[in-house]
C-alpha cells in the first residue's frame, strides 16, 4: 500500500488521459452505428454517473444537512424528515401505497407554492422593458435637471416598432380559445409563426458555436493532450483519419448488404 | 424580488383568479379550442409504429426541479399517458425512460392506470418504465442506445429538454422513427424542428393536454391563460403607448410608470 | 412552545425521542390506513395545499415596514426565518428519493445478471462502476487519504468527465447531419429558418466577420457588417419572439402550479 | 449523366463522411497558429467596461456553474474574467452549483494566483459546491457567513480575511456567473432580483438569445456571449488563451456547415426546377 500511493499519484494524469481517450473513442463509435463498444461505454457511463450521484447526495446533502444534525448535534426531529422521506417507499407496498402520495403531494405543493415567486422574478421585469417608446424624441430632463429618459433616434424608434409588432404577432399565435377565423387575427398569427421561424433560425445558428466549441475541446484533448503521449499531434491525427476511413468503409459495405 | 411588490400583489392574484374562475366555468360550460397541428399526428405515429411492429419510446424530458417534482414534467406525463392509452388498443409496446427518481413511482402509476382504463392491464411491464440516471448526458447516452437497440418506430418527446434534445431526436431520426416533440424550452425547438416530423411550440405544450383530454379543468385553464395573456398584452401595449406619448410631450410620466412596475 | 419542544437531546433521551418518532410514524400509518377510502383524496389535496401555502404566504405577506439590511430578523415577514430550515428539509427529502431510482436500476440489471440474459456483461459493468464510484466518493470524504483521493480523481477525471463531455460533444456531429439534411428550401418557413441561421453563423466567426470588415466603422454601411446584422437579429428581432413565447410559458407555468396547488389538476397521477 | 450522379451524391452524402469532414475541419487548424483580429461586440465591450469600472475595494461573488461538458466555452470565459479581476486586485469568492466546477475552478485559480500575488483565503476563497441552488440562495442573501460556513479547505468564514465585512448580499459589489445551464436564471430570480445586485454573466452561445432579454431588462449589466465573447475578451485583455486558439477551428467548422447546407440545397433546387419544367410541358 505504501508503494501504491506515490505510484498512483505519479501516474494519475497519464492514466486518466488514457482512460479518457478510450471513453471518448468508445462513445464516438455511435457515429458509425450502435455497437457493442458503445453499449459497454454507455453502461459504464450509467454506472459511473449513478455512483457519482449517490455519492454526491450523501456527501453534499444527506450527511451535512441530515446525518450530522441528527447524530452529532442531537437534533432528534431530523428523524421525522427521514420518516417523511421513507413514506415515498411505501409505493412498493400495494396496500399502503397511497400514503406515498401524501409525501409526493406535499413536495408538489411546495414546488407550486414557489412558482409564484418564480413567475414574478422570471417574467415581471420583462413587462416594463417591453414598454417601448415608438416615436423619436429628444432627451428629457425633469425640473431638477436630472435625466429622465435618453433621446430616441429614428432607427431606434423603428427597431422598437419592429419589436412591438413581433411581440404582438407572436403572442396572438398563442391564443387557443379563439378560432382563428377572424382575418386580422389569422394574418397576425401567421406572421407570428414566421417571426418564430426567424427566431429559431437565430437560435440554431447561435447554438452552432456552443456545440462546435465543445467538440473543439474534445478533439483538442484527443489530438493535443493524448497525442503528446503517443508521439505527437501528427500521429494522433493520422490515427483519427484512419479510424474515420475505416468507419466510412465499413458503413458503405454494410449499406450495400 | 424577495417579496411581492404592491403591483405584483394585485396582478398575480388577478391572473390567478382569471385562471381559477375559468376552470370553474368550464365545469358547466362547453369550451372549444383551436386545432393544434402536431397533436393530430399522434395517432398517425402510433399507427406507423404498430405497422412496423416496433415499439414507441416516450420521454418526459429532464426534470431538474428546483424543489420537488417539476411541473412541466407532470404536464408532459399527462400527454404521454394519453399516448400510452391510445397505443393500448393496438398493443404497441411503449418504453418510458425516466430521468428523475421522484418521477419514477408517479410514471409507473400513471402508465399502469392508463392500461387499466383501456382494459389491457396485461400490457403493463415494469421493465418498460425504467429509471436511467439523473445525469443529463448519461441519460442521453442511454436513451440513444435504447432507441437504436429497440429500433423505435415512433418517439414522443415532451417536457423540458436541454442540449440532449438533439442526441435523442437525431438517434430517432437515424433509425427512421416518426417523431413528435413538444417543449416549453424555446432554445431546443429549432433542433426538434430539424429532426422531428411534428413539433409543438412554446405554450402549445400547455394547451396540448387540454386538446387531447378535452378535460374541463384543462380547457378552462387554457381559456383563463388566454385571458391572462390578453391582459398582459394589453398592459404592454398601453404601457408602450403611454411611454410614447409622455415622451413625445416631454413629460416624466413615463418614468413614473416604469417605476411602478419595478 | 416550539422552541421548548425542538431542542437537541443527547444520550438516552435522544434514543427515546428517535424511537418515539418511529412509533408515532407507525401509529400515523395505522390511522391513515383506517381512514375511509373517500377521505384519502381530500387528505392528499389538503397536504398538497399546505405544502404550497407556506411559500405562497411568505411571498405575498406584507414585509417588515422598516427593513434593516444586514439583520435577518428585520427583513421579510414573520415567515421568512423559516425559509432556510424548510429549504434544508426539502433537499433532504429529495435526497432520499434517489433510492427509488437505485432500486429500479438494480431490479433491471440484477435480473439480467441472474438470468444470464443478453447484455449481462454490460449490467456487470454497470454495477461495478456504480459501486466503485459511490464507495470512493464516500471514502474520499470519510478518509481523505491520498489513495482514496487519487483513485476518486482517476474515476472522476478519467471516466466521468471524459464520458460526460464526449456525449455533449456528440451534439456537434448531430448538428452537422441534421442541418445538412433538414435545411432544404422546401417551404418558405424552412428557407427563412435556414437563411437566418446561416447569417448568424457567419456573424459569429472570425472568418465570417472578415468578409465585411472593410465596411466603414460608422455610418450607413456599417449596418451591413455581418456581425452587426447578427447582433440586430439576436437583440432586436429574435428577442421579441423569445419574450412573447416566454410570456405564454410563464402564464402556463402559473396555471399548472395553481391547478396542482389547489387540487384542480386532473389526468396522470392526480385522478386515482 | 456524370454531373447528375455527382449532384445526386450531394443530396445524400453518408453521415459518416460529414462527420469525418467535421473532424478534419476542426483538427487541421490545431497545427497552425493563426491570429485573426475580431471586432468587439457591444455586449463584450459593455461587460469589459463594467468590470473595469469596479472600485478598488470591491467584493465579487464569482458563481461558476460549469462542468467538463461545457468546458469548451466556459473555461476560457472564466479564465478571461479571472485575469481581469486579478489584474485589478479585486477580491472574490467562488461558489459553485455544479460539483465539477469546484475542482476545475480551484485548479484554475491556484494555477494563476502566484502570477498575480493572490493568496487563498486572503484575496479569494473557494466555497465549493452547494446543492439546491434556490433554497441555498434564499438563505444566502440575508446571512452570508452562516450559509457559507466553511470554504473547501475547511476554514471557517470567520477566519478568512477575504470575508471580513461581508454579511448580507448587499455587501456584494458584483455577481459574476459563468454558466452553461439554468443557474444564471436562478441567480437572477433569487439573488439578483431580490437584492438588486449588479450582475454579469458569461454564458454559452445557446443561452445568448435568452440572456439578451435579461441584459435588455437591466437584470444583467454585462454579458460575455459564448466562445466568440471569450475571444473578444481575450483580445481586449491582450493575451492569447484557449479561446483565441480555438477561433480558427470554430470558423472553419462553421464554414464547412454552411457549405454543406448549400450543397444539399443545390440538389433540391435543381430537382425543383426539373419537376416544375415537367409540369410546364404537361
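Letters A, B, C and D mark the chains in the order given here, with residues in each chain numbered from 1 onward.
The criterion applied here is as follows: a contact is a pair of C-beta atoms (placed from the backbone, for glycine too) under 8 Å apart; a residue touches a chain by one contact, two chains touch by 3 or more.
From a predicted model like this one, the values you see are computed outputs, not experimental measurements.
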Pair of chains joined by more contacts [C-beta pairs], B-D or A-B: A-B
By mean Cα position, the chain sitting nearest the middle: A
Centre-to-centre distance between chain B and chain A (centres being mean Cα positions), rounded to whole Å: 17
Whole-Å gap between the CA centroids of chain B and chain D: 29
Inter-centroid spacing, chain C versus chain A (mean Cα positions, whole Å): 9
Chain centre separation in whole Å, for chain D relative to chain C (CA means): 20
Sequence positions of chain C contacting 2 or more other chains: 59-60, 75-76, 87-88, 90-91, 94, 97-102, 105, 156, 161-165, 167-173, 175, 177, 179, 181, 183, 193-194, 197-198, 201, 204-205, 234, 238-239, 242-243, 245-248, 253-254, 257-258, 260
Where chain D touches two or more other chains at once, by residue number: 15, 19, 22, 69-72, 131-132, 134-135, 193-194, 205-206, 208-210, 213, 216, 226, 228, 250, 253-254, 257
Interface hub residues of chain B, defined as touching at least two other chains: 1-2, 4, 12, 65-68, 71, 74, 102, 105-106, 109, 132-135, 137-138, 141, 163, 186-187, 190-191, 193-194, 201-203, 229, 232
Contacting residues of chain D [partner chain C, same complex]: 13, 15, 18-19, 22, 36, 38-39, 41-42, 67-72, 100, 103, 131-132, 134-136, 138-139, 142-143, 147, 167-168, 170-171, 205, 208-210, 212-213, 216, 226, 228, 231, 247-248, 250-258, 260-261, 263-265, 268-269, 272
Touching residues on chain A, where the partner in the complex is chain B: 27, 30, 33-34, 38-39, 41-42, 45-46, 48-50, 52-53, 88, 91, 100, 104, 107-108, 110-112, 114-121, 124-125, 127-128, 130-135, 137-138, 140, 142, 148-149, 152, 164, 167-168, 171, 174-180, 196, 199-201, 203-204, 207, 211
Chain A to chain C touching residues, read off their complex: 1, 4-5, 8-9, 12, 15-21, 23-24, 27-28, 30-31, 39-59, 61-63, 65-66, 73-86, 88-92, 95-96, 98-99, 101-103, 105-119, 122-123, 126, 130, 159, 162-164, 166-171, 174, 192-209, 211-212, 214-215, 217-219, 221
Chain D residues within the chain A interface of the complex: 14-17, 19-20, 22-24, 26-27, 30-31, 69-73, 75, 99, 129-132, 134, 185, 188-190, 193-194, 204-206, 208-209, 213, 216-219, 226-228, 246, 249-250, 253-254, 257
In the complex with chain D, residue positions of chain A that touch it: 31-32, 56, 60-61, 114, 117-118, 121-122, 125-126, 128-129, 199, 202-203, 206-210, 212-220, 223-224, 233-234, 237, 240-241, 244-245, 247-248, 251-252, 255
